[in-house]
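My questions all concern the structure below.
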Amino acid sequence: MLIVLSAGQAYGALTEPWNAPYPLGARGSSVLFSTFQERPKHLDPASSYSENEALFTGQVYEPPLQYHFLKRPYTLAPLTAEAVPSPVYLDAQGRMLPADAPDQDIKRAVYRLKIRPGIRFAPHPAFARDAAGRARYHTLTRAEIDHFGALENFPYTGTRELTAADYVYEIARLAHPHLHSPILGVMGRYILGLDVLAKRLRSEDFAEDAYLDLRQFELPGARVIDRYTFEITLAEKYPQFVFWLAMSFFAPVPWEADAFYAQPGMAAHNLSLDWHPVGTGPYRLRENNPNRRMVLVRNPDFHDERYPSEGEASDAARGFLKRAGARLPFIDEVDFMLEREEIPEWNKFLQGYYDSSGVAPDGFDQAIRFNVDGQPELTPVMAARHIVLNVATQPSISYLGFNMLDSVVGGESARARLLRQAIAVAVDIEEMISIFGNGRGVPAQGPLPPGIFGHREGAAGINPVVYEWKDGRAQRRPLTQAQALLREAGYPAGVDPTTGHPLVLYFDATTTGPDMKSLFNWYRKQFAKLGIELVIRTTDYNRFQDKMKKGQAQIFSWGWNADYPDPENFLFLLYGPHSKVSTDGENATNYANPAFDALFRQMRSLPDGAVRQAVIDRLLTLVRYDCPWIWGFHPQAYSLQHAWVGNAKPNTMARNGLKYRSIDPTLRVAQQREWNQPVTRVLLWAGGFAVAGLIPALVGQYRRRRATAL
Amino acid sequence: MSLLEIQDLIIEVGRAGAPAQVVAGLNLCVERGSTTVLVGESGSGKSMSALGIVRLLPRAARIKGGAVLLEGQDLLRISEAAMCDVRGARIGFVFQEPQDALNPVMRVGDQIGEVLTRHRGLRGLARRTRVVELLEAVGIPEAGQRLNGYPHQFSGGMKQRVMLAIALAGEPDLLIADAPTTALDVSTQAQILTLLRSEQQQRGMGMLFITHDLAVAHQVADTLAVMQAGRLVEIGSHADIFERPTHPYTQHLLRVSPRIQPDLAPPPLPVEAEPLLIARGLCVRFPGRRGLFGRIITQVTAVDNVDLIVHGGETVAIVGESGSGKTTLGRGLLRLLQVDAGSVNFGGREFFELDRKALRQARRDIQVVFQDPFSSMNPRLTVREIIEEGMTAQGLGGSRQGREQRVARLLEQVGLEAASIARFPHEFSGGQRQRICIARALAVEPKLLVCDEPTSALDVSVQAQILTLLRTLQQEMGLAYLFITHNLGVVAQIAHRVVVMHQGRIVESGPTQTVLFKPTHPYTQSLLAAVPRLP
Amino acid sequence: MTYLIRRILYAVPILLGVNVITFVLFFVVNSPDNMARMHLGQRYVTEQAIENWKHVHGYDLPRLWNPEAAGTGHVTRTIFYQNSVRLFMLDFGRSDGGRDIGFDIRQRMVPSLSIAVPVLIIELFLSVAFGLAVALLRGSYLDRWITLLCVAGMSISSLFFIIAGQYLVARVWRLAPISGYAGGLESVKFLVLPVFVQVISGLGANVRWNRTVFLEEVSRDYVRTAWAKGLTESGVLSRHILRNALLPLLTTIVVTLPGLFLGSLITESFFAIPGLGSYTIDAIQSQDFAIVRAMVFLGSLLYIVGLMLTDISYAWADPRVRLAET
Amino acid sequence: MVKPVLLPTDVAFLSSLLLVGLYFWAVRRDLLMRERWRTVLATPTGGAAALILCLYVAVAGLDCLRVEINGETKSLLDYLVSPLREHVETTYSAPFAAYGYAREVIPGASGAARQDYPRLRYGARHLAQPSRQMHADVLRRGMAGAGLGLLFLGGLLALVNRLRGRPLAGMFTPLTESTWRLQWLTAASICLALGWVICLAPYYHVLGTDKVGNDVLYLTLKSIRTGLVLGVVSSFITLPLAVIFGIPAGYFGGWIDDLVQYLYTTFSSVPGVLLIASAALSLDLLLQQHASAFPSLLARADMKLLALCLVLGLTGWTGLCRLLRADVMKLRVAEFVTAARALGTPPLKILLQHLLPNTFHLILITTVLDFSGLVLAEAVLTYVDIGVDPSMESWGNMINGARLELAREPAVWWSLLAAFCGMLGLVLAANLFADAMRDAFDPKLRGATSPSSS
């Protein structure tokens, strides 16, 4: 014990503070310290789709467009493109049509994108060429690969200018059978010839690791016009397509990278695009050790991009415009540490070792309190540390779904609908938000979150099935109404007349952390209010997905994060042809209502405006009545920043915010030192205690030496 | 002033609540240059007294009173630290079991040298030279090499010599030897006794010698003290005790101690008796080293081509030192272990050719009584269950009540109350247990009883009783005994014929009178010469 | 030498048995189809993709017995054979997450060792010291209290020690980082707390075990001989009791030595040490069977090596034992 | 409609208890065993531990007897402590709190909302002004509880004295008698604690409430069954395996021994947690594939617990098996076994009558020690996510949740404390009991030599 502590002490004397969770050498320089919870599986832009991967892909890859960092509502801005493209509509004969032409006439929608010249990829061995201009590392033997072992061991790297062909190449990669691109299903419908290409590639039998040169395949939907210009052709009108161009699926991938990584033997060293991305972004991934940390460093060849000089009205006051016009990025290096658990991460943030953090549910009371108006604010302790709180309602929804194919809760029968409505009334989402989300959420009145076109505030926006407007606010209907609905459905007091026992419903969930237990208990309590017994069936994630796909789940918790800020991206979750079971679409409840589907198709292609609002209102009325979801809530993201972090305006759409971020390392060092003074007197106590413990032993020994037999 | 004077020594054992005095006021003197022997049966407190002198009692025991004066200094009233200077330096101690008393992982030379360093301050070469001298003095050849050996490389007698060297290393004034020869064979015992005696006389030490064996005492004692139940009953010179014992207990002990006298042994039976058991060419081998894949490379032959005949109603004694193969022979005959060659004909049946079931039935005729009365009965069973076991296995005794009556009768036959039937083994003394074991064997009405050292764990007086019982039973039931023992005194009392075994072979056999008193084989002769005898 | 060969040959059927156990656990409920789905992820998976994956990974063969193949092919052309042989060649393949398992194992071995080795040494030192002290004071009040304390220590879940340690040392007293790891010399300060916590949580059981071992030795006759030589307490303890007691301690320790590579599951997981222990936990939690199986195999292998080392060390430390006889 | 319900683990647990009972009935006439058991109980720590174990077993036993009334299944324990079960708050509250843990926006009388700690629904509800009345009230009820406990203790003492035929005047002598003092003091503390709980728990949350407002004391009590079932049932699954493999291996030797040795070397060479984890994962998958067979949540969680017991039992037999084999190898050459063979006793009978009873102490001691290990293992396994069902009350789940709670500010320490105490009580008692048993049954460690000064 003493040895351990004294070792710590000796070591600590050299480097204070003692409790720094990473080597302290770097904290004085322009390095941002952040965390990742789960190791990313895919960093290949064609297959990467999850939030934890976007943390890295967002900084490394550059799709043609991006969301403006400061402007709200979210606006698209050009990134590598010269401008945000407008589509040109053509009819079957290839004639140009006006933008307001009827949908069925439009047979082609053409987006022409011109990218800025002079953008270069970050240095990578795949680009390295010898004096003769041949790629140095495209024909390596196994032994050579084993010799190099890791990317940093390749002595030569190279770079190359970004061309339109790289974008076209990536679009073709979406059809690559081994990349299993998650958007192939959607894009295959729209991008001309993509599904044909996918089918063709799938039928070709080639080894998993072999290099497949996609440049040799014809893809009519994506064509290079000149070195800097390319054209994407859609088979129908799809106004939302432009939003996709801001996602990493459309980021350029150089064919050299594929050729490089496809060499046999690379995979055994974990050398693949999934682990070592190659992009044009402000950062490149220098270190990818998913067991410990991932390090992004500034891309030396990053093109000239400037901090925006206009934004929301309040941005100047909040200091977001201080660096207007400065060249991006500001930070040299971003260290992501693996933090699998919230608590250590939260504590390290409080100690000043991580620069920003979400608010851990269990640290919530410590950080946030609600003022008299019900608005969140920082607790005095936090405020004293000059921590900054940012709140943003996320364009997402978390809900409980009924499987509409289920024989008990699903279907169009009045019995089932009334049962669903009764449950929707009984499950007290407000309580759920306050217990499990610390109040960080807005109860949903329908699928559309605030901030998305079509969402209505106030009395006009409430879901009349579940809420009533009283005293100037939406109030959940009382439990008695739910019970009445249940009675009407044929389950008086929750008893199933066919069995005479309480109705048993099943909640399907994946097993996760300890916190889930109380959530499950809470669900059970909610259903018990109606006399219904809720059985939680937990399975692993894959099996759960499988169940969902086969339509075997009954009630489940589900959520949706907007891909882009458009109502279509939410309402399509209820669109019949997107049913999970029949098409493996995103309609997880398998809700199918022809009236809804027709209106949806109409709404989809309308521009924002009164007409669209009216259609959306009708759509909402339909689904509120049918009640395939318990509408749940729209989560709010609270994020905290230390005083030394600048330009951390929350942007729930953009994933590439790190390039705007700035830090003040000097302040950080000072604060860390101030907050982390070790309580050394404990060691003295421990030492004293150990010495005191020795005394009786010594006394005993002395006595024994002196003892006589009588 | 005597070298050692013990005054009113009281030693207690047991919990504080219910103490029992194991030594109740012992008074004893040991003079310089003379040997005092403390004799007593087990539990008499003789060992406790010896340990009490050096304050090395087991934890359960403690000294409650008295004084132990070593040249006038009371050892009970000095500090533990001072006592450490007494032990080893002024009092040397030799323990009973040389097997356990030496540190198994320490070189023999170091174990001796340790004392030299501690008390004589010797180190390095001086220490080594002295160790060699000591080892040579106690009769260990090639001492220069052997001091680097570990205890397990020494034989029992050699270990006891090393032990003695340790005790002598501190050049003590007093040597306490706590039954130093009990664990040894007679021939070794004789050597050790001679060595002890000569060392004691050469160095002019006082010696306190503890033993239960009057014959041994007879050999070494200048003064004899007899203890019984924690008290000294008689003390006197060698001549006093052996020629004019006054206390009845001493007289009793002298009477029951086995002697090798021609008049005691029963005469051989008439030859016309039918042979009950005929063993021919028995061999038992144990695997020694094993090679790769467990192939046996060498073997140790424990029983080597032995022929043996036992007649009905006859007692045949198998005599030998430890390792002679006598016990192995007994178990081999019983088919309790694998016999490698030979045949046994028992009552006309080839015993070794029986299948499993027939063997179980045949076991009825040949039974066994073991040495250790403590481990030979399952402590979890009542006396009744123990005795019944054979009957149940052999299907004897009829009904439950029938068996119960039979058990009661058997108990009476072996001299126990029938009421003991529901009690457990641990409620009986050693001798009583041995009686129960005999009853268990008799329950299946055997014709031959193999007695494997049935008395060696017992005190002499109990031993005599058991031998009497066996003789009586033989007369009543016509049993034959195969009596395995190392104790020639016992043989003389019970055997019709004697077979002497040495290193797995039979070296001599014949009627008791002939073998014990007119031995022809040199091994038998040397064996008999080594046995300490009472006058 | 023959001994070693025999032991190595003996290890083969055991490892084969281990393989069978894991194989059964692995495949009884988990069909190759399921594995393929798990591996390919939750996204849209065609039958074609599953077949393709199974073929690439060799799971399109029968499990244990191939009736179609000829000759030895009955056995060799099966999933079991192919997988086992691969494991015997120490080729662990790729995890369900797509990374090379051997690569990760090599990388994670170092942090595991850098926790386990100090823990072992400090624990051994402390528990022997305490054990000796307690054996020396046996019967006294101190002995009784320390023994009781040890039992109490044993009765506390290691989770408590970790939670309390993190809360007090790292959060309240700020003496060490809450969790994390760095390579090289920097690692010292990350290791202080986990090592400390692990030592403390194991101390009770170890001290008590050592006490028992020491007391057993204390009751032996040769110790009485040592006392009778007039040796002082320290002499008896260090030269006689300790030397003999170290033999049973040796066996218990040596057998665990190779296992140190595997690290401590819980500690590593709590303190975010990127060792093999947390690797295993993560694999269990994410149901990555490929890793679990690799770790099971590695664990058994190391255990068997441990048994071998134990015998060798015994022969080295105890003059009574020679290898050929064991 | 009232009908008794027996879940599989209930059956397993109760029959395990029955077996233990049978054992004591069987050895009651065996004087040696009786003496040894008496020694165990007479050892202060052993006797006290036995009392505590009995208390735990009683609670778990009550929790195993269930009835279904109107479709709701509850155990006798649930009925006994129904105030605890029913007093559910919204979220955390500290022990003896009158107000909630977190501030809430409380609508004031005038319509203006203010932010404050809300009064609890049940905790200290009966007090009008908790801040002023609380101390006195707790003290008063605490005294009443103590009185109740003492009354019960007095009754117990009187009964014992009556049975022993002691005069009533010496009623409290057992408390001062040195040999049984600790045992009686333990009994007294149990009585006092029970009295306090009975008097205080209906009015306060003695150990606070958890995240969803359940009384932590109730959770702790319910966890007892989980812990005990896991420990006891697993041990009882281990036993037959260890005995069936270990004893014949030791007795017969030869190929049987080789086979058994191979089996347990193989099993024990797999790292324990991994073996358990793989087996638990597999069984879990199996359960999930047959999820429809378990209609209610309770049955499902119970099946999962049983599966866990099975896994722990099936993976835990090697240690005892090895011990038994070694012990039987020693016993095999004991003379009473040889005598039995010489008497023609068939091998099976030798195994059952001679070897099994003489290794029984080993089995008992190992089992009790393993038991405590299993209770501890539950927490760890739950952390690794392969433990009991999250819906089941268990210390592992409590500790697991407590990790997060401790990071709150102010820290929520009471769940952790409750689980800690509940677990420590059981495991410590089991360990001390095993110690006392080892001293009584395996007295090898007695009689060590030392200088006679102490």
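Which chain is which? They are A, B, C and D, in the order written, and residues in each are numbered from 1.
Assume a contact is a pair of C-beta atoms (placed from the backbone, for glycine too) under 8 Å apart; a residue touches a chain by one contact, two chains touch by 3 or more.
On a predicted model such as this, the values are computed, not experimentally measured, just so you know.
Q: When the mean CA coordinate of each chain is compared with the mean CA coordinate of the whole protein, which chain is closest?
A: Located nearest the centre of all protein C-alpha atoms is chain C.
Q: So how far apart, in whole Å, are chain A and chain D when each is placed at the average of its C-alpha atoms?
A: Centre-to-centre distance between chain A and chain D: 44 Å.
Q: Take the average of all CA coordinates in chain B, do the same for chain C, and state the distance between these two points in whole angstrom.
A: Centre-to-centre distance between chain B and chain C: 48 Å.
Q: Take the average of all CA coordinates in chain C, do the same for chain D, and state the distance between these two points in whole angstrom.
A: 28
Q: Roughly how far is chain A from chain C, centre to centre by C-alpha average, rounded to an integer in Å?
A: Here the centre of chain C sits 37 Å away from the centre of chain A.
Q: Residues of chain D that contact two or more other chains, please.
A: 285, 385, 403, 407, 447-454
Q: Do you know which chain B residues sit against two or more other chains?
A: 55-56, 59, 63, 80-81
Q: Would you give the residues of chain A that are in contact with at least 2 other chains, written as numbers and ranges?
A: As it turns out, chain A has residues touching two or more other chains at 347, 540, 704-705, 707-709.
Q: Make each chain a node and each touching pair an edge, then name the shape: line, ring, star, complete, other.
A: It is complete, because no pair of chains fails to touch.
Q: What residues of chain B sit close enough to touch chain C in their complex?
A: It is residues 54, 56, 59, 81, 84-89, 92-93, 95, 97, 100-106, 114-115, 118-119, 150, 152, 163, 166-167, 170, 289-293 of chain B that touch chain C.
Q: Spell out the part of chain C that touches chain A in their complex, as residue ranges.
A: Chain C reaches chain A through residues 34, 37-38, 40-45, 48-49, 56, 94, 97-100, 103-104, 107-108, 122, 126, 133, 136-137, 140, 142, 166, 170-182, 186, 188-190, 192, 195-196, 199-200, 233, 269, 272, 274, 279, 282, 287.
Q: Report the residues of chain D in contact with chain A in the complex, numbered from low to high.
A: 71, 90-91, 101-105, 112-115, 210-212, 214, 285, 288, 291, 295-297, 300, 382, 385, 389-391, 397, 400-401, 403-405, 407-409, 451-454
Q: In their shared complex, at which residues does chain A touch chain B?
A: Those residues of chain A that touch chain B are 704-710.
Q: Touching chain A in the complex: which residues of chain B?
A: Counting only chain B, the residues touching chain A are 55, 63, 65, 75-81.
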